[in-house]
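In structure tokens below, several structures.
What follows is chain A paired twice: with chain B in the first complex and chain C in the second.
Moving on, here comes the complex of A and B:
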């Protein structure tokens, strides 16, 4: 009785949220898995068990395989580029610089706008129109004598087309990564740095031996966050060029095959594979975060 | 050892002004490159529509004009209104629920709280593709597809992980004595939350509401799946205005700018809270 009185109100307070998350996250994930093992095609839901048929079909589906290749290229370019530039920006801002707030505000503002708006601007910047219609970055390159840089961007007929989308995504996220690095660098107390300097370490050495090791966790979180974004990004690519197979990733293929092709079971199978991919990076990350917090 | 340290100090001080100058120059150059899209957006949206052509994208306007905004606003306005009606309640309700969850998880740890918290957090990272089909099935059954109600509901629910995380991180830093003294005074759980914890959690509330408002406003996928023409949120409306290849690009730019104004305003005016939301999103609260 005492236990109920002690935990009762607390349980009641969190119960609605827990039920909602239980149903809308875990219930739905299970439901989606069930759809992926069914033969549901067309508007009416059918749940006849079809085993791994849908997954087997995806393994031989060139559109899906191309999509996987695209998302790999996208992830590599996006994660590496954003990490490098985010780190560089943090490094430039780290030792208290006049106007730091201004610089931070500038580099972070794309986080406040939608991927749709981002895609609209970048689609025009990366237009591949030529001749009198030439515009965007190609036009800019031409007029400053860098014409050799002009290219077909996301319309290019190569698997690098999707790298153009990664540029836009990197533009949107680089400020976030900069902020993560800044927080990490500042987490190293000035005392520690001063101690290193008193011991005779140069600025560069102090950075290498004192700050760098502390940044490893930041790099890990940045990679996890960026990689999971690249796996699930939908709106940026959709608004850039929804119809192009050159930049289509499984996250988009899922949508098209489900809601336009009405292949619900195939769409569910793609979605399940996406969850598996993301869980692979996210679950260890959450486990590590919660555990290291408890140790503190 | 002493000599090297002295030399390095001397070298550092002699080169320091140059290093600072180079640092500023590099930063300034990066800012310029970074703002290229903003330049194009502003210059294009503010040109006299008669002057606009893709080949003159980089030219400054001969005369400023807001005509283009007037042209696109009527088509964007319904979506804009829908997004206000959707994002405000979604962010406020999600934050209130998150406050309750965060409080309980930080201060009233029930048995099993350590298992529940990571399970809640996982909800923040799932790819939404994996819940789209069931979500649409269930909400169709509940008659919540095609209007705003379904969209509001899912933004409340999928916002819970991050709002819970924000409040939990905040309440963990509040001393237990404060909570205990309220209990000694005879206040129960709910009263402690409402009268003691919530009033001091206003900063966390700002962080949570701003974060949720921004993500609900900027969401596209849920809007695409759950709404119909009349209830499109601003992102879906924007994509429809600016998505086609035949759309004049100054209209696309003006619409993109208009659709981004609310979140940009929030960002500029309350950047500090926005930042904290970002850090929480990386589990670094």
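Moving on, here comes the complex of A and C:
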């Protein structure tokens, strides 16, 4: 009796969200998994068990495999680029430059723009049209004498195509990562820095040995946030150049095969693989944070 | 500092969430799902919902004119125009699919005629309208070739309201004159010869846009190289994709593409046409919605500032696509939906809708005075009993759903590799898998 009194109210308080998450997240995840093992094609749902047929089909589907390669390149460029530039921006602002609030807002602003709008701006900026149709960055390069920098961007024949889409995504998110790092740096108490200085450490050394280790949790959460955004990215690529195989990722193929091809079971199989891909990033993170909390 | 930033972020997120909730609830209001089913009670319904993807210039005005005419005939009815924007109906398709699967159909919805309606028929989502064709005598006013294409197991499930033509070659007469070309090509071989001349004159021979415009070009190269009968055979299994004729036609497609601005392909069909208007390029293969862009959006004069002819090798052939309206199974206001279909199939309805939309009626008894300039050409051809009708691939007449998506996958690789044999075998395999 006493026990229920102790945890009862708390349980009641979290029950609604537990039920909602149970149904709308885990329930649908389970349902999606079930669909991915079925033979559902067409507008009428059928749940006849088809085993791993859909996964086998995807394993031999070059469009899917190309998409996986694209999303790997996208993730690496996007996560690494955003982390590096977010960190550098935070470092500059942390030095306490004039008009810090202004710059912080400027860098954070792109995040407020929807990915669709971001894509349309960058589609124009990274257009590879020539002659009278030339626009954006290529035109800028040409007019300041840096014509050799002009390139095909997201229409390039190499992985540069999908990497340049990652640049647009990074532009949108870099301010957010900057804010995370800035918060992390500000979280290091001045006493610690003072202590390091008293011990004779230079600014660089104090940063490396005192502040840097304390930023590790920030880096971990930033990687998790960025990696799962990267796997989910749909609108940016759709608006940039829908159905271009050079930049297509499994998230887009999932949409096309589901809603244009009405291959619901294949779409569900891609969705399941995407969830697994995200789990690959998040599970180690959860493991890491649970372990470090225990250590405390 | 950062915490105040975070707070602002939270506030923004809350506003966004609230706004999207508000939008979502607006959507719910429009559904009218709790209205009594008019068709069953025998009482006249007072609400009608029509679902389409017509939101662009010309499209939405045409649709509005038809809805206005419907409102005039049914003054007490509240009409809901549920339109979802997005290229060629891709986004609308997803919204509609969700609604149909949830058992919440609109009273009537738009679909391309032909294979694209096939999944709806197979899933039993649309009612058989054969009786309506008999009652209204539509079998006598629609061309037989088209009726054959839209008949499934002796039944017809939708009412075509308009006809667009796919096999058209748009050009800038001034560019041709500048390069010393007297007339647009009548075969793809001739096009390739002209392409060399045009390139020597510093012009782009052919412009191209996103992947669906490449599919649009592909179907018209195949049609021009193979002829109407063999082209139609590609979609019913009577023409072998791996035959030498088809592979040769695919090689021609690759060669044609090599004289286009594929590397700098525009993001949509309108910007693909812009270099022609600006005099940098000569030709573009596009359906006749392009006419609205030339004439209305850009204000150019037909025949002097822009010209059009059938795409190379397709004279005497009409490659068509058509929008049609359906009667969904379980339509909440079935009586009104039937009235709507009667109007959409009538001469008055089609002559109201089409001149504004920039297409021609599917009926063969249209008033020719309403279709001037460019539209006179397809109208004459459509009503010509000698013309050979074939259906469009890129616009869902001859291949729908899974087959068309498989073709997309294969085409993506084909455009990059130019490997005709591989494409042919991939499409053949897809065709067999989707039978």
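In the analysis below, the second predicted complex is superposed on the first by the 266 of 296 C-alpha atoms of A that agree within 3 Å, B and C clash if a C-alpha of one lies under 4 Å from a C-alpha of the other, contacts with A are read in each partner's own complex, and residues count from 1 in each chain.
The definition used in the following text is that a contact is a pair of C-beta atoms (placed from the backbone, for glycine too) under 8 Å apart; a residue touches a chain by one contact, two chains touch by 3 or more.
Keep in mind it's a predicted model, so treat the numbers as computed, not measured.
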First (chain B), second (chain C), both or neither touched by A:13: first
Contacts of A:133 with chain B and chain C, given as first, second, both or neither: both
Touching partner for A:262 - first (chain B), second (chain C), both, neither: second
Contacts of A:29 with chain B and chain C, given as first, second, both or neither: first
Chain A: partner with more touched residues, chain B or chain C: B
Which of chain B and chain C A:186 touches, first, second, both or neither: second
Chain B versus chain C as contact partner of A:155, first or second or both or neither: second
Partner chain(s) touched by A:208 [first = chain B, second = chain C, both, neither]: neither
First, second, both or neither for A:47, with chain B first and chain C second: neither
Common interface positions of chain A, toward chain B and toward chain C: 45, 108, 112, 129, 132-133, 179, 183, 242, 255, 259
Contacting residues of chain A [partner chain C, same complex]: 41-45, 61-63, 101, 104, 108, 112, 123, 128-133, 152, 155, 157, 179, 182-183, 186, 241-245, 248, 255-257, 259-263
Chain B residues touching chain A - in the complex, by the definition given at the top: 1-2, 4-5, 8, 12, 20, 23-24, 26-27, 30-31, 34-37, 40-41, 54-55, 57-58, 97-98, 100-101, 103-105, 108, 110-111, 114, 116-123, 125-135, 137-138, 154, 156-158, 160-161, 164, 188-190, 193, 214, 217-221, 225, 235, 238-239, 242-243, 249, 252-253, 255-257, 259-260, 263-264, 266-268, 271, 274-275, 278-279, 281-284
Complex contact set, residues of chain C against chain A: 1-3, 5-6, 12, 87, 90, 93-94, 97, 100-101, 119-120, 122-125, 210-212, 263-267, 271, 274-275, 278, 280, 401-402, 404-406, 408-409, 412-413, 416
Interface residues, chain A side, partner chain B - complex: 7, 9-11, 13-14, 16-18, 20-21, 24-29, 31-32, 35, 45, 89, 92-93, 97, 103, 105-109, 111-118, 120-122, 124-125, 127, 129, 132-136, 139-140, 143, 171, 176, 179-180, 183, 200, 202-203, 221-222, 225, 228, 231-232, 234-235, 238-239, 242, 251, 254-255, 258-259, 264, 267-268, 270-272, 274-275, 278, 282-283, 285-287, 289-290, 294
